[in-house]
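Alright, structures below, take your time with them.
Paired with subunit B in one complex and with subunit C in the other, subunit A is shared by the two complexes that follow.
Take a look at the complex of A and B:
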């Protein structure tokens, strides 16, 4: 089979516009999802049931229903109630909420992996809970969080392809337009996969570098077990 | 300075503190000893409200810590009041709990700046003075993971002292240290004691208790069974269980 390069010339500009929109959707939806996820994670760790239960219910409902169904429900389910969202707005909203549920679980896990004594020491010195979380727990949890978060972020970018079903003008939607004009599925989707790969590859490489830097900055070594200190540390602290 | 009345604490079905009464005068050093599971640590952790008692009152210089008993039931004081009272109670943990992502200096100045509202310069000057006092000036830029356990615990003491607390609580401060590192930490605590700090120390270091304490409290099964001077306590406690405990501990430490 021959690869028809005329499809590239015709389709690539359309696909690139779609890619820009995909990036824009993610740039808005993922930080929103992270904010939502952080709040939900904190609520799930609250000692008050009234805060814990709704947060847990939110996570379960969102995680246990398909993203595709959520997108349809939000886009077609709201107009009867007089709320009319553009496909792009609805898409960003549903992507934020969906990724938020997954981020919440990753963040909760990372918070729990910071030893309890770290926050306790802050509280014992009179530090308010939220300040202790921000100054002591969050910086330490990043090392645990990033590997899990990288997975969720990549997943969320790929999930954004589903938004084509509600006609959100992103990369996969652009692919359908190119396909409708060119009737060349192989060329079209070959270009689409290269574009997704380039975007996600760049994001994942960036996150990987961040992870390495954080890991170097905050290597967590068991504090009472000197046998597991790096050799250099043993040499300088022999007492 | 501290007054504890009828303190009760349950962990589920377990009744860990069964009506503790305790008064501590300013400048007094009290060592709390007893077998593990006797409620020593829980009592200490109730004193700064890291554990919430189920019943009873704790007063620090007349101000309620955490909760107050009212005729209509127990009432929690405001979060702000809890934080304020905690800021004036220093706590030293068995596992040090130094913040692993911060240098020694930043560990010490964090709370003075963010809780007391001290400016950075004053906080740093105070931290350097304290580091000098514990003999670790050269470690100010080290991370906790680069220090030995004994050094970490001394930094943890300095971190608590930087808040200029009215009282210091020590929760088995030497229990997770290698034997040869215990001495340095105890030395710092001795200096602190001779400076007149009010101290409550949960410890298994009988030598330290005998030397430094004004009063020894023996706890078992959630109650204080004996309170006496170290001389009286170590030369024959009147309580039978205290005597048994002492016999076991001293049997293991013939040097005592």
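Take a look at the complex of A and C:
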């Protein structure tokens, strides 16, 4: 078997454009998923059943069905009711909702890793709930949250490849286009794999660096700043 | 509305047949993925650097590229290399090769729970490595990773939906065919979703049960 470099010359520009689109999809969908996930996580930890139940049901339903079926439902299931989304919009929407459910679980786990007394103390001192979450719980849960979030972010990038099935114009869709023109599966899929591999490698390396930096930042916090805890407290929540 | 329910009820028996194929595929994939994972976990501790490097690259690739691309790779690229596999075999192979990487990492995690003294004791009794793995390490590690294995099985069950893309007639592919004949995408995809949900939810319950009952065998 010979590796045909003319396919690389022809296909690589198309694939790179696809890669840019994949990145764009994720750049839009992941923050949306993170916002959704944070809201769902807080609802799941609510004292009221009426808030807890729908949030729990949402997470279970999303996590117990395949991403592909969710994409089909949204893209093909809605047009008969007059809701017509473009492949790209439907793709971003389903990626946000799907990753939102997984983010919610990561965030909920991280919040639960912080001792309950911390928030109770903040509330007892008159801090509103959300401010207590932001100033007291959030800094302490970071060490626990970031590794879990890194996993889910990488999972979401990989999931985005499935969107080619609903014809969203991202990297694996570009691969199908190149394949259709060149009829060279070996070269095409070799390039696509390497591109995804590089993207995911870069993202996970970047997030790991961020993790390290944040921990270093925690060391240099002045002692007088009582809203944050010393590194030792964060380390125990991380383990 | 009553019309929708008729469509769903009409589709259910066909989809059930697809669900059986989905279950079979996933079971086969995990049954093959387990030996792959065990092999990788053993190779990870090899004395040869080349072997360790290979395992590292393999696991990094399997976890660092989308499953759908891996399925395409096995399905489209292997024939070009002279290995012509039927669809079903290619699909199961792709899933097990992917799953093996995750299982290997699981086993590696489980290995840290085994006290070093046991391996030292086995060596002191001049046990050969193969014997040590079979009688000392693996029985304990496998009991330990049983709950995460069921989680991996759930992931495979959902991942096997991607096999529809290469034309394996499992649950999702059956759904596509039903949509093509009924023109009722919402009803069909909802029913397909319900089928997946029931399977995955039941498996999650099994995971929780195993987590509780295997607690006894845990060394840590």
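Just so we're on the same page, the second predicted complex is superposed on the first by the 215 of 239 C-alpha atoms of A that agree within 3 Å, B and C clash if a C-alpha of one lies under 4 Å from a C-alpha of the other, contacts with A are read in each partner's own complex, and residues count from 1 in each chain.
The definition used in the following text is that contacts are C-beta pairs under 8 Å (C-beta built on N, C-alpha and C of every residue); 3 or more make two chains touch, one makes a residue touch a chain.
Because the structure is predicted, anything quoted here is derived from the model rather than measured.
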> More residues of subunit A are touched by which chain, subunit B or subunit C?
Replying inline: C
>> I'd like to know which partner A:174 touches here: subunit B for first, subunit C for second, both or neither.
In response: neither
>> Quick check for you: in the superposed arrangement, does A:159 touch first (subunit B), second (subunit C), both or neither?
In response: second
>> Under the stated touch criterion, which partner chain does A:60 make contact with: subunit B (first), subunit C (second), both, or neither?
In response: second
> In the superposed arrangement, does A:72 touch subunit B (first), subunit C (second), both or neither?
Replying inline: second
> Given the touch rule stated above, what does A:88 touch, subunit B (first), subunit C (second), both, or neither?
Replying inline: neither
> With the two structures laid over each other on chain A, which partner does A:131 touch: subunit B (first), subunit C (second), both, or neither?
Replying inline: first
> When the two structures are overlaid on chain A, which partner does A:120 contact: first (subunit B), second (subunit C), both, or neither?
Replying inline: first
> So which bits of subunit A does subunit B touch that subunit C touches too?
Replying inline: none
> Contact residues on subunit A for subunit C in the complex?
Replying inline: 1, 60-61, 63-70, 72-73, 76-81, 154, 157-162, 164-165, 172, 175, 179, 185-186, 189-190, 192-193, 196-197, 200-201, 204
>> With touch defined as at the start, can you tell me which subunit A residues reach subunit B in the complex?
In response: 115, 117-118, 120-129, 131, 135-136, 139-140, 217-221, 223-224, 226, 229, 233, 236-237, 239
> Residues of subunit C touching subunit A in their complex?
Replying inline: 60-61, 64-70, 72-73, 76-77, 80-82, 154, 158-159, 161-162, 164-165, 172, 175-176, 179, 184-186, 189-190, 192-193, 196-197, 200-201, 204
> Where on subunit B is subunit A touching in the complex?
Replying inline: 48, 50, 79, 83-89, 91, 93, 95-101, 110-111, 114-115, 144-152, 156, 159-160, 163, 176-178, 181, 184
